[in-house]
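Labels run A, B, C and D following the written order; every chain starts at residue 1.
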């Protein structure tokens, strides 16, 4: 059954749920899931509606595509009047994704496997790395691999190549799967709320390099990992997901690294899946994640 | 700010969200939270809406009470036409609760403390026990205590006393806080979806008596606790909440009992809180718990 | 069955396990639990041994007390030769504890209940507060209550009163159960590794005041609580225990506060229990917690 | 640094720790980790000691191999006198492992990746499947693949082929990575405490087929996965590890299946790793897992 997801955020006012659901009803749509959220402090309204047409549509017969266009045309004037930001996407449209990685492969291997096993609804357009370790893995999954070395001297040039590739491949989402380079503000500005990173700590604890060493030095009893959208401030973008694992005095830094890998895989893959399922809205430095 | 909560379940059909939210809008209500769920297999629709009036009302000025009555009058015909079961309650109306316990006091002590600290929005009408251990604790919190011994021979008589007390105290929710007696089918029938029990295992594992002993004998690596509505079948009612804790080969039965106490407190108090906040709908042998 | 616990830390060298266990064997002791740990980086050795005498001793018959004295006399020369720090305590000797609190009572209420229910092996010697809210609760449990107001101007005087009371009551462990005053370096120096605090964040994130507000502002997806020994540096002492709970965009600051209370109760009571069971060794700014 | 692990279980008696550690000391061994456990009910003693020689040995110089032989020769008479079962293994000796799977590949893909990334200290000798889906994955990792179809009629024949392959490959551990066939009692008897299975439920809840369907039907709020040694009784062998994940009324069976995959990967890989690290002792129907 093909469905469509409408994501909205706008200044809060009375009657928003009634107006959106009324319009969907008028267009013959059947709401499968509706979820809304208000930030009363900031006076903001957020809504996610997943809907389909009567009786469901088979993918490919075009009815859903036409319905989505018709809805969009009807919805636009109301959205403008209510100062809504909105996105509407059919679930059959699989976003194109690029994965950036360096020498640690556990996250990229996990994402490639999940994509191949249909756990993630996307097309992996390319794997880009400043190293070559991932090359054979990408080849196994039949994914384009690009080796783009990054040096302090030629960072700008490397980013130009990366951006050209992203454009050529019509990439909508960039996933940093333990990519050990910092992207420039210019790069980040090209993909607002569309670059997902995994940081190997429970943010905001242990920002920056070597967080497992810092966690070991501090003697914490739980370690964590965090997936977040990348902004220009290091490790400070809107958090999407976090998880933790228990450690003890017996665990050395290398044990933390090993346990952390499982956390990193899980929090990154969840963030990517939720993004692909249109479950996430960013506002300020936070996320609404509809479940 | 006084609010009201509307809980609905009915056969699913198109336009339900639009109709309910439209009617609330027409009555001048502002939706604070709306959540809905569909069981596509069974064709059922569930909705929870928390709403208030423009600008909010102060508790006690009567406007909210009148608005709720007006809404109920307008809503009833539509609800009947759509075969809805529905409940509408102002959050200011604190349900009256009775706690049943026996000799283990950790759950009842936790509930009494939470109630006194305003963590639970209810009036504890009475503590009823087949033992006397809890008496001084109830006295400290200024709660009526009734000692109703239960023997195999006089179970029916004891239940008659309990029921009379519940009626006299206008009790709407019964909480079994490690109450070690089994209630009769007749008793349970008086309080459908209104008796909450805590079972000290991860149901459906280890149904019945001495679950920690059974867990120890089986060599599990996690123990659990479960809060659920009581039905006539032992430990088989709709599950509200579950949680687990890690154990190891070092833990003896008494260690499991000790760790389990923290689980029991937490899963029982969550279930009671969610029930009081009108977050739970039962259907078949399951619960919808709106968060 | 009465037991004794021996806690050791010293520079690491070969044969330490053999020497300690050999000496216990020679004295007729039966090892119930033995656990050891080495910090290879720092070259340190840690050991905890719980032992009893042949066939077990009944508390109070004096045999265990004499055995402990005999062991101590035999052990001292070896300990000195090996530069050991060591503590030996019979489990029947219940340490005297003082609880400090302010206006939030959930932690102190939890500790008092647990102590009365024999979940904690100690004597609560006194509850000390700069407010009066806890007075009736302390009275219910039959615990001495002292109201010692603390003002910026008269902090030193207040601490002098507190210290006098601790001395008079022979207190060995101070528990800060959401005590909202900062203790002076002089006070802390009197009770090295013997003041346990609970901080309502996942340290080292959100050090200092109002951590739930900070967590909400940062948009984290998990909140935490941490119990630790107090040192002169705020919220920076050796961490004993941490735990977390999942939150979502729906949770306001007051929801974080409410969920956090359950975390605080649990991490503080675990820390106190482990301390009383002689499971914790501090070194540098870390803890070894033997399980 | 090469180390050796000694695993012991025997009837409990006084002085065992002293005797084992004394003998290691006499042989010039340095204890890196020692952990012991007693089952007081059954009167059993368990011990794990990881040790090395003075100053550590480089793998391959033979000193450790000779020391292990010398230790074994000295230890055997004492072990026999004390009725010990014992195993001694150098960590450099990587056990040979066979993975059995069917059509779900998430567990086998995870194990192959981890092995290739040196997260598991073993040699994967072969992947055996009654289907062909895994073939290309095995090829990518350079692992022998054998397709051995299993039919009800020819089960015995299939098992004979499997056993022949295991013998030829000198396999010490069999991992059932979502292998959807039940092994015969004869097969199981060949590998006592050496076949690890993952069951996709929180055992003992939901034994047998389709546990996610059963969990959904029961309306549980947490789902689980369990890794255990295979015995002749279905899903009833000694449990090694369990973990759970939270679900809600929103989750359909397919959501449970998807979430469960992450649990299955994690509990199976942990069990395999602990087995390889010689951390597990079975007794009766339980495991001691030294951490």
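Just so we're on the same page, a contact is a pair of C-beta atoms (placed from the backbone, for glycine too) under 8 Å apart; a residue touches a chain by one contact, two chains touch by 3 or more.
Being a predicted model, the structure only gives us computed values, none of them experimental.
Q: Among the chains, which one keeps its Cα centre farthest from the Cα centre of subunit D?
A: Measuring from the centre of subunit D, the most distant chain centre belongs to B.
Q: Suppose you list every residue number at the subunit A-subunit C interface; are over half of them used by both chains (same) or under half (different)?
A: Mostly the same residues form this interface, as more than half of the numbers used are common to both chains.
Q: Where are there more C-beta contacts: B-D or A-B?
A: Between the chain pairs B-D and A-B, B-D carries more contacts.
Q: Just how far, in Å, is the C-alpha centre of subunit B from the one of subunit A?
A: Those two chain centres are 37 Å apart.
Q: Provide the C-alpha centroid distance between subunit B and subunit D, rounded to the nearest whole angstrom.
A: It comes to 43 Å between the two C-alpha centres.
Q: Send over the residues of subunit D in touch with two or more other chains.
A: Residues 33, 248, 250, 291 of subunit D touch two or more partner chains.
Q: In the complex of these two chains, what residues of subunit A are touching subunit D?
A: Answer in residue numbers: 33, 105-106, 109-110, 113, 117, 119, 136, 140, 248, 250, 258, 261-262, 266, 291.
Q: Considering the complex alone, what residue numbers of subunit A touch subunit B?
A: 14-15, 17-18, 21-22, 24-25, 30-36, 38, 40, 54, 246
Q: Looking at the complex, which residues from subunit D come into contact with subunit B?
A: Listed in rising order, the residues of subunit D that touch subunit B are 37, 202-206, 218-222, 224, 238-244, 248-250, 252, 284-289, 291.
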